[in-house]
């Protein structure tokens, strides 16, 4: 418990520092102005979401291989936490887009891909609620999770090549879109802070899931007798 | 493996062509969608050419997500899936046979629908018929590979009728985007072939076929 | 019936199967020698079906292992041929009797699928209905189809889950006669049954399962009749 409180304190300090960095340390972007500062939250959440889905994928693979309930718990925790972060991306996207481009939603490649990703993992969680028997639920949702993650690069690729309707991306958009070094540092720091938050959330969710798994076991056993 | 696949494919085709249930319902379903769509925009306008490709693929995708529904459910009726698992040396053969049959059924309904579509939306499909069949084949193959795998998953769950489209359609985003893009190019006033799209579809097919080969046997566990 | 080439026994070691928290089988260890005819007795839900499906390789045990044994009780080289009759018929309603058997014979890699199917159709007495869809069959005829499918590959090990289901008295006699010939030819037979019948009289051994554990075994004590009738009661 003490360890947990300490970890939480550290994570919140990091998040505070990241917020301070993006609001006061990073320079104001010339054309977009202050609103561009949401970028640090937006992009670091997106990267963290992807990291969580990757962990989910690893959990899914490990479950299919080892068949240990704990890998199933890793899968569900990572998927849920990943969904939280991608939701942040989907919410901050329009908040950023509206003052800059004058519209709430742009069918921009990465925002749209994130939306598809979000739908895939909502489907993953939905699938889990629709299979009663725990081992079967774990196996089949893991298999769906594997197919979903394999699909991610294909979704990004297809949308990026054929559906994008907006100017050059701000980062990673090729040589023309260099970020100022300070902006990079703040972004990377924000990502680190977000990752620590992700780890904290996943840890708590994992412990909860472990207890829930035990309880379900006891309940089923009691009902079976 | 090969002889098992052909034996199973023969069974899939024989049962379907005996009843033709899947083929007829899918054709009618696509017809309904196409007609309903035509009410929602002006099909005679010049813009319709651009809509046509998207509409075509959306109709096919929705139809496929229904058509793939019974793929593994049918095998549950008499537990024939267990009989297959006991008889077949390599479970991948079960998937290959099923996805080949599904691709064939989809392609057949699509080719049947093309002339109807051409007339209703005033887009000439015959000059580019050959190229269209290539896109339809690669697209349908992708839909069938992913759809066959996911129908084995949805068959395990409650609310499976709703669940399959829900799992399948977002997963098929890349197929939809690429096929639509290539089709729009082919239906353009000056038709052109988008080879990048063709290559992308082929990549999707190979990636998911590999995944199915690796994980297929687990999809059949009870 | 020609004697079996390579008789096979089965060894279950500490088999456990949990469905979620529910135990279907708890640490079941059981050794069945080649050529035995074992009846699994027990109430519904005692784990008979699960044990048979694990032996067939259809269900993966949560822990423990299944080994096939040769006649010297050592582990077998490769897997024996296994025939399985389950609760469901495991044949296609939309195919004819003959098409079903030819299909499964081809999948099993049997050399002359049509000939083999013909022999079995005659054996189970469905020769005159070979071109009818299984959909049109009575329950008893379907059960004969199920048994015919399980016998296609001339299995060394025959696993039957309530094989008399749906059979009329005539059918039960026919099945008992078929199984007797197979037993005498050296096939290993493991079947679950409810109570005593013409079929249970074939047993050389009976095992009673209760709540997923072996509760009685004629090998360690008790008579066939006491183990079988306990369940019938």
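Residue numbering begins at 1 within each chain, and the chains themselves are lettered A, B and C in the order written.
Just so it is clear, a residue touches a chain if its C-beta (ideal position, glycine included) is under 8 Å from a C-beta of that chain, and two chains touch if they have at least 3 such contacts.
Note that the coordinates shown come from a computational prediction; the quantities given were computed from them, not determined experimentally.
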Central chain (by mean CA position): B
Result of counting contacting C-beta pairs for A-C and A-B, higher pair: A-B
Farthest chain relative to chain A (centres taken as mean CA coordinates): C
Chain B and chain C, separation of their C-alpha mean positions in angstrom: 39
Chain A-chain B separation of Cα centroids, rounded to whole Å: 31
CA centroid of chain A to CA centroid of chain C, Å: 50
In chain C, residues with contacts to at least two other chains: none
In chain A, residues with contacts to at least two other chains: none
Residues of chain B touching at least two other chains: 221-222
Chain B residues within the chain C interface of the complex: 3-4, 7-8, 10-11, 14-15, 18-19, 77-80, 82-89, 221-222
Chain B-touching residues of chain C, taken from the complex the two chains share: 53, 56-60, 82, 84, 86-95, 99, 103-104, 106-109, 149
Sites on chain C touched by chain A in the complex: 18-23, 62
Interface residues, chain B side, partner chain A - complex: 146, 149-150, 153, 156-159, 163, 166-167, 170-171, 173-174, 177-178, 181, 196-197, 200, 203-204, 207-208, 211, 215, 218-219, 221-222
Residue numbers on chain A that touch chain B, as the complex places them: 64, 116, 119-120, 123, 126-127, 130-132, 136, 139-140, 143-144, 146-148, 150-151, 154-155, 157-159, 161-163
